[in-house]
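Both of the next two complexes hold subunit A, though its partner changes from subunit B to subunit C.
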Partner chain A sequence: MKEGFRQAMAWLHTWAGLILGWLLFAIFLTGTLAYFKSETSRWMQPEIPVRSVSAETSLTVAQHYLEQHAAGASHWLIELPGARRQGLSVHWEAAAGKPGQHGEQLLDPLTGTEVHPRETLGGEFFYRFHFELQMPYPWGRWLASIAAMLMFVALISGIITHKKIFKDFFTFRPRKGRRSWLDGHYAVGVLVLPFHLMITYSSLVMFMMMVMPAGILAVYKDNAQTFYQEALPEDEVRPAVGNPGQLLSLAPLLEQANRLGTGGRVAEVTVNHPGDANASVVMAFDGADRVVHDFGRTVTFDGVTGRQLDATPERSLPVAIAGSFFGLHMGHFASPVLRWLYFLCGLAGTAMIGTGMVIWVGKRQLKHAQSAGMPLELRLVDVLNIASMSGLMLAVATYFWANRLLPVAMAGRSDWEVNGFFIVWGLSLLHAMLRRGRAAWVEQLALAALLFGAVPLLNALTTPYHLGMSLAQSDGAMAGFDLACLASGLFFAWSAWKIRRSGRTQAVSTKRPRSMVLEQEAN
Partner chain B sequence: MLLAALLCYAGFTALCLSMDRHHAELLGHKPTPRRRFGLKLLGWLLLSWSLWAAVVAAGWGSGLVQWFGMLMLSALLLVLLMPYRPHLALSLAGLCLLASPIAVFARY
Partner chain C sequence: MNAKPRTLPVSYRLAVASRVLAAVFGGYLVAALVSVSLSLWLPGARAEAVVIGMMTSFLVYLLAVIWCFACASAWRAWFGLMVPGLMLAALAGLAHGMGRP
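Up next, the complex of A and B:
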């Protein structure tokens, strides 16, 4: 009975893992990259100057700019620069009945001059792809939530299937062919299991309304909006009275909000009806001071008198619990060291999925080792493995290269960066179909090694921010990005070399039957 | 976070050495039952101490997150080091133990 259960779980693990494994690999990889979303954007928009000015100074600069350029607007939104975010961006929206007065502008937080960086989605692309998969709403989210569900099933069934979790806890035996792949799969799976479980379960919590809406629908019938309003009450915006009023200087209000200091740093300032006697100023905290995500904690002031009007009440316990899942998943609170840890854990998750897919093919290839060709379904999985793993790496590299090589003034520039990503991904699929398995792996990985390894060089040739300079100025984001690309390039070169070499030795020993123990163990 | 990392790595190494197979791999012979028990106890003590260190340094919220991060990373490091550089893996654990009192004092 027990063995039967375990076998059923092994079957489940094998197929739940396979069915969306390619997609999960991409979701994990882009999600991992999204931990450095701001740093990636910084690298991709080198025109934005790095300034260390106080939030009060930049807020004054923004207010001055908006009073000159958008005095009649109904709303202003000011995004303040932070430790990870350069540039000061201002948005404004026209008053009702005055269309065409909608705009946004990026400013230098020190001088207030307009900054026009190259058009790009930057790190936002990876972040969006991670859960929207470049599909129109809501399809991408649906697919991502199904993938999350399968990931969860694969994790749980994998834990049950893995017989010797504690006995093999510290085991990794390299240079042993398939045995090593299994060991590697176990190692990154078991040792980083807390992260895998947290990230997968929290993604289901984030997709709660899509995955399990029954509870909310049963109580609120068709008014899911009421649920949100009750769980996360929003302050109402005071309407304009129509009498003019002098808007206060915003900087002292910012100091006042920071003194309340309940949610970290003020990241966004909204001014409703500037210039009206009923103007209000909403300061939104970034909530990066704690693990529990805050869903936008704000404090509201009267824009003319400076009186505090409102502040977000303490969240209820269920909201705090949901918030802790959001917070843990996104890691906004993470210090640089912890952020790198998140990144490494994400890579471990990606590696777990990747090794799993390779093992799936490898195990089945054993049966066809003697015959010349592979059966169609095996070949299909192999081709998709290559395109979804090494092909995706190529696509990511292309995205970075396109950012530096496309003309800065090109129309639809940011779209073409994304197009480049998908075109190369598609080409990698074509290449994997045309070439035999091992050759395709080696060629794609070698190309990825070249592209990633040359990113620092590309950066040095196309911008003034080469490694020597960014290291000297301890510009962490710039230097870190270059060095991370270099490291990935070296890793891909190493893996291409390894695969090529193991291909040679295997060609020699292909007639030797592999041990059957291995095959049993794998299932 | 440093102290927690040092203690985690040392703790995992002790736990690893408390297993016959790894003890034989790293030190050349199997441990006596007493030694096995001692290593196991030491390992768990070090791991719980690292949890304490992380929570004291950063509070329950961030401390727990950091502790789990260090736990996963140190185990991964140990497992990847062992087959390639077994001596380094062991001496690193010794170094961690030696450095941990310094990490304690560095905080004050």
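Up next, the complex of A and C:
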């Protein structure tokens, strides 16, 4: 490590990138898919009707349902439908000492009838996986945070290594084999560099209270709860008095909350102690109208008189700055065009990680080109590359296929969709171990091409919402999902074809017996 | 640098391992001490100071990791973390002695 600063940073970039590169690839890909969480859920639960009704109408429908089915509950929670969210869901919690009164129900926001869609996690699965990694709390979050820190180190050391970063960006040399991979790595890295920096640093900020609690401990000792109350003050909840009171109609309160103009649409309504003289109504804003994410900003009304009781104060500047990192990371504020841009930036990040891993193997393969065998560590990285990249694509496709093919009434079907995802991912690892190098890439990508490309067909055969209909009705989420899958299928087919062809040209140019070439390609 | 692992001397490997330990654990410790010192010394509401301290700490961690691999030797990597670490610890101790929050 005496070769100078840039060489040292190149070393750091290589190894910091490699250690959790496979995990980072999966985190980036599933996180990118999570930008279309609502749209994915919409595709995966086609039974939920799309309605355009006002929030007031939905709220009245929900109140009517809850008064009939959960009158004695201690809390009601109503999640209102939004521009990207179909269905109206209501939850209720039992009053103390009255067990059995606990439940949730999805309603048609127009008619108030119960809706029973197929059981699935929908887009929520990708969202959860990208920071919980299907691990018990808090291990997945810790591992994801460690991966984020390594990503941060790899990014900054990568920037230092390639100080001629903008010159490199304009020297893309296609069809030059390994050189093209490297240029591609620079291109997707530099093009959306601000996005990479923002997404990586913000992911650390999002978990800062978990991974860097020293400051909280030093100032608040063992009263961490006090810190949360001071940093993010919440409206107080009045206790019940025990005398009955007539709950007001909620819709006018919603109008009143919107008129306060503190920002955004009311997304959730909580009613504390409905039917009590001390009932209170908490309106929570979704904050999707601005970049700074606000952690549950609310306004509270008296449920009987309608008087405003409380409202969340403006956040302090440091909390607002932290909130802006949350907001930028999640992109809830993004309009459709910006959301697609987010999605493309996420794909670029995924591609940057993927090309980096391929380059790692490629560079080292050169040294072993003349020998028959490949060192174990190279083979290991190669197998993990295949399973973590093309294998993950197969797993994602399986998740969508399972959603359409598993019987709607099957017990535990939502779990089986997820199991399908992991079983296929495991099988892809097995396949990568048995088949060698290029052959494994080509076969897995070809299968992914088939599975993704056929999603519109699968959708047309299993539901009435085929492309012809969704396009005619300009149902953006349904049609967009089908078309995005079709585009992915075409991309995978092209990649499989390219990789297969580049193997052939190599075989011709080296003029070696086919069997030997195959052996070498595997290395 | 990692061209032929088999030919690398043991001393080199130990030095790399030492740098990695310094970067991972030493770096985290310095970052945590920065967040503690900022939390204790920044003026204004204490919750705000804590939030600023936490947000800054990751940048410090990053710099510490870069330092550990950029400096000339593994000893220097440790030394370069130890000095600011002790200074920050003294600063935090001073705040504690003065009865700041």
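Following the convention adopted for this analysis, the second predicted complex is superposed on the first by the 505 of 523 C-alpha atoms of A that agree within 3 Å, B and C clash if a C-alpha of one lies under 4 Å from a C-alpha of the other, contacts with A are read in each partner's own complex, and residues count from 1 in each chain.
Keep this in mind: a residue touches a chain if its C-beta (ideal position, glycine included) is under 8 Å from a C-beta of that chain, and two chains touch if they have at least 3 such contacts.
The model shown is predicted, which means the values in this text are computed figures rather than measured ones.
When the shared chain is aligned, subunit C comes close enough to touch A:219, but subunit B does not. Residue contacts after overlaying the shared chain place A:241 against neither subunit B nor subunit C.
In the superposition on chain A, A:434 contacts neither subunit B nor subunit C. When both complexes are overlaid on chain A, the residue A:194 reaches subunit B alone and has no touch with subunit C. Subunit A has more of its residues touched by C than by the other of subunit B and subunit C. Once the two complexes are laid over each other on the shared chain, residue contacts for A:405 go to neither subunit B nor subunit C.
In the superposed model, A:318 makes contact with subunit C only, not with subunit B. On the subunit A side of its complex with subunit C, the touching residues are 1-3, 5, 7-12, 14, 149, 152-153, 156-157, 160, 201, 204-205, 208-209, 212, 214-216, 218-220, 227, 230-231, 316-319, 321-322, 367.
Subunit B meets subunit A in the complex at residues 1, 12, 15-16, 19, 21-22, 61-62, 65-66, 68-73, 75-76, 78-80, 82-84. Against subunit B, in their complex, subunit A makes its touches with residues 167, 169-174, 187-188, 191-192, 194-195, 290-292, 328, 333, 337-338, 341-342, 344-345, 348. If you check the complex, the residues on subunit C that touch subunit A are 1-3, 15-16, 19, 31-33, 35-36, 38-40, 45-55, 57-58, 61-62, 65-66, 69-70, 72, 92, 101.
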